[in-house]
Amino acid sequence: MARSTTTKRKILTTGLAWAVGLLIFFPILWTVLTSFKTEAQAINDPPLFLFFDWTLENYAVVQERSDYMRFLWNSVIIAGGSTLLGIIVAVPAAWSMAFVPSRRTKDILLWMLSTKMLPAVGVLYPISLIFVEFNLLDTRIGLIMVLMLINLPIIVWMLYTYFKEIPGEILEAARMDGATLKEEILYVLTPMAIPGIASTILLNFILAWNEAFWTLNLTAASAAPLTAFIASYSSPEGLFFAKLSAASTMAIAPILILGWFSQKQLVRGLTFGAVK
Amino acid sequence: MATQHSRSAARLMLTPAVVLLLGWMLVPLTLTLFFSFKKYLPMRGDSLDRGLDWVGFANYTRFLSSSSFWPSVQTTLIMVGGVLLITVVLGVLLALLLDQPIWGQGVVRILVIAPFFVMPTVSALVWKNMLMDPVNGILAHLWRFFGAEPVSWLSDASLSSIILIVSWQWLPFATLILLTAVQSLDSEQLEAAEMDGAPVLKRFWHIVLPHLSRAITIVILIQTIFLLSIFAEIFVTTGGAFGTRTLTYLIFQRVIDSQNIGLGSAGGVYAIILANIVAIFLMRIVGKNLDA
Amino acid sequence: MGQIQLSKVSKRFGDVEVIPPLDLEIEDGEFVVFVGPSGCGKSTLLRLIAGLEDVSGGQVIIDGEDATAIPPAKRRLAMVFQSYALYPHMSVRKNIAFPLRMAKMDKAEIDRRVNGAAEVLNLADYLDRRPGQLSGGQRQRVAIGRAIVREPAAFLFDEPLSNLDAALRVGMRMEISELHKKLETTMIYVTHDQVEAMTMADKIVVLQAGVIEQVGSPLELYRTPRNTFVAGFIGSPKMNLMTGPEAAKHDAHTVGIRPEHVAISDEAGDWEGVVGVSEHLGSDTFFHVKCDAFPDPLTVRAGGDLELSYGAKVFLTPDPAHLHRFDEQGLRLG
């Protein structure tokens, strides 16, 4: 609903929007700035904004103390693996519901979404038991499976809304042209749905990356991702603001950068196709 | 478009997802139900191998009569409700603002979205220490600057503080969805209303807000799903102290801290029932909205 | 070969019977048009023939072979969809080659056929473009190209021209007719536009509510409509249908007279009336005349030179040789 307006009004709205934007962004900005300070400067009164001795020391300390790279690698494997696995299970399911809808399709979709509402704590102990039984505790494969399952409803739902936008006639044309079901999905549906699949992958990668219940409760050391890395900084040990900031920056930087580069796809993904 | 052949293919392809989710739902649920009727304190020597004592509904009545139960339900509802209220109201306003002509719109949008990408543990830690610390936090500096006594946010105003932190995380999501909806509003509709002499507020109330209702429903649904299971923010900041113990957190404490599996499981069943009540309520709304 | 026979074919969606059992025979090489108002079941019928929907009863027989249980891909039929259903992520060349690739044809043969089709359809210059870069008419031709390379037993067209503007539609109509003459392959064409039906068909099948109202050549339908529905549906402008005393005079419940079979005069005639709206097309002029004898105005076709002002008094005379008579059920008499 963009409408033509006067320059005066544009100055006003621009000022207001930037003020609000910076206010919302401030906690992140402040964290990143603090990560380049010394511990003493980090708690200086009054707070220092730009004029301090920029240093990378905190990053070195954090890497040395907690082996950042190992956590990062775990995060990448777990988030990536669970998303990929989820897509493989969800594409056929979404195809079914989008193109061969039955009377139960809507119920199945809603049921799937409702499984997301199951409170995780309610089933934490049984899941831990199962994990112990199958030697999955503190393994990446265990977490990959759990995160795949908790995000599966969202993946199915998103793909479903994207597939719905593809005219059924095109798939029928493929069928008339002699394509088998596999060829139809592989050569026609998937290439057409690439933008939708990309935003689904992206959003779920972020959700898995930031998931902080199962990753905290089912890992100890070897499979712990960045959520656990940062949780280890939650107990204060004297002067530590700068190091905490460095660790925080390191934990969120990869996803922040990924998110910014792909924000267009994300916006579409976030709305679940439900809002045009 | 449905022939017998494509219908059976569809059923086949839907099966893996359904079976996985069904298993993911039923297996732990059954175990939780099983434990909830048992006395199970692993620290005191109870173990599955030796068999557990059947205690009937004892765990249920104990959990319900515990002094922490109702406060935790109340805390949960206040927290979810508070975050929903803040994010929806601010989200609508922010969406309307971002829809205006702005220099550097892309950059502003990036700034506004950013909190969504921050993992809950990080945002909780950053808020707890960098912003809300009563001595060195930015807010303390700000309070002192205006001559006020700094607030111990996470002990004196703990629940509000957590609501603030969680709202900060979810505001981008609400804003983005609402912005997309605002942008899809037909400008001719607004112009027609303007021609009909409707003032700005009336236009907002009668045209913009109804247009956003579907998007608001989506925001509420999705956020509720995630908010009901808020964990890391509490775990990192207050550890459930100072009246921030939600139902989720209470159960967590029973299972992990006090190692009372039976009691925790009974609590889990309550939480599942609560979630289902909310779910049925929400699904009704969404189901209706899906058809439109 | 492309001989198609429907035997007691019916279709139900749940409890709703959209097509009661019907029989139809389509000869090899025929151009058959299914025409009817929207919702009459014509597209459903086409999809039953294509195999995109299962029949609820009866048989679809293609070239003497029962094809009822054969999947669409194996029926040797090609379809052109209303939305063209081009694959947006493939070039024109790949779109046209797709069915051949699916048939695992060798590459040289695919190239030969694609180039041949492009030649026939004037698409040679566009082979490397994506469908999104083409005009509506070009997309239409790509869809046809994709159908003809397969050398199918029959072509199925589902309202293929409804997304084109009026001028293009006339051109494409000619092209499809031309193609039919050249290929001599069976074509089944669905449309709601009776002009398309009249101009293209060898045989028209008029459908209403899933029931075949009449099957025949365009002129048969025009000259001897079997009932009032066909009478009103075929021909433009519509036939004037009248009940009451005037019909009784001809021993019928309803009589019909086409606008082109009514003479208009300002001096004398059978029915007296007043000129309402007149539509000047240049070559012809259509007058809507309100007669005292009938509740509805009559449409009359006159030469383009005749000018009558609004409200002028006129006299109409129907040509008795072209008067159609129908009984209470709307069926043709005599």
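In order of appearance the chains are A, B and C, and numbering begins at 1 in each one.
The rule is short, and it goes like this: a residue touches a chain if its C-beta (ideal position, glycine included) is under 8 Å from a C-beta of that chain, and two chains touch if they have at least 3 such contacts.
Nothing here was measured: the structure is a model prediction, and the numbers come from that model.
Participant: Using C-alpha centroids, which chain lies at the maximum separation from chain A?
Facilitator: C
Participant: Looking at contacts between chains, which pair has the highest count of C-beta pairs?
Facilitator: A-B
Participant: Taking every chain's C-alpha mean, which one sits closest to the mean of all protein C-alpha atoms?
Facilitator: Ranked by how close its C-alpha centre lies to the overall one, first comes A.
Participant: When the C-alpha atoms of chain B and chain C are each averaged to a single point, how far apart are the two points in Å?
Facilitator: 57
Participant: Using mean C-alpha positions as chain centres, tell me how far chain A is from chain C in Å, no decimals.
Facilitator: Those two chain centres are 53 Å apart.
Participant: List the centre-to-centre spacing of chain A and chain B in whole Å, with centres computed as mean CA coordinates.
Facilitator: Using C-alpha averages as centres, the distance is 16 Å.
Participant: In chain B, which residues are in touch with two or more of the other chains?
Facilitator: Where chain B meets two or more other chains at a single residue, that happens at 1-2.
Participant: Quick one: which residues in chain A touch 2 or more of the other chains?
Facilitator: Chain A, residues with two or more chain partners: 172.
Participant: Please output the residue numbers of chain C that touch at least 2 other chains, ranges allowed.
Facilitator: Touching at least two other chains: 52, 71-72.
Participant: Touching residues of chain B toward chain A in the complex: what are they?
Facilitator: Those residues of chain B that touch chain A are 1-2, 6-7, 9-11, 13-14, 16-18, 20-21, 24-25, 27-29, 31-32, 35, 48, 94, 97-105, 107-123, 125-127, 129-131, 135-136, 138, 141, 144-145, 168, 171-173, 176-177, 180-187, 190, 214-215, 218, 222, 225, 228-229, 231-232, 235-236, 247-249, 251-252, 255-256, 261, 264-265, 267-269, 271-272, 274-276, 278-279, 283, 286-287, 289-290.
Participant: Show which residues of chain C lie in contact with chain A when the two form their complex.
Facilitator: Within the complex, chain C contacts chain A at residues 50, 52, 71-74, 77-79, 81-83, 85-89, 98-99, 102-103, 146, 150.
Participant: Per the contact definition, I'd like the list of chain A residues that touch chain B in the complex.
Facilitator: Against chain B, chain A makes touches at 1-3, 5, 9-10, 13-14, 16-18, 20-22, 24-25, 27-28, 30-31, 34, 42-43, 45-47, 89-90, 92-93, 95-97, 99-100, 102, 106, 108, 110, 112-127, 129-130, 149, 152-153, 156, 168, 171-172, 181, 206, 209-210, 212-213, 216-217, 226-227, 230-231, 233-234, 236, 241, 244-245, 248, 251-252, 255-256, 258-260, 263, 266-267, 270-272, 274-276.
Participant: Once bound in the complex, which stretches of chain B touch chain C?
Facilitator: Counting only chain B, the residues touching chain C are 1-5.
Participant: Quick check on the complex: what are the chain A residues that touch chain C?
Facilitator: Counting only chain A, the residues touching chain C are 167, 169-170, 172-180, 183, 187-188, 191-192, 194.
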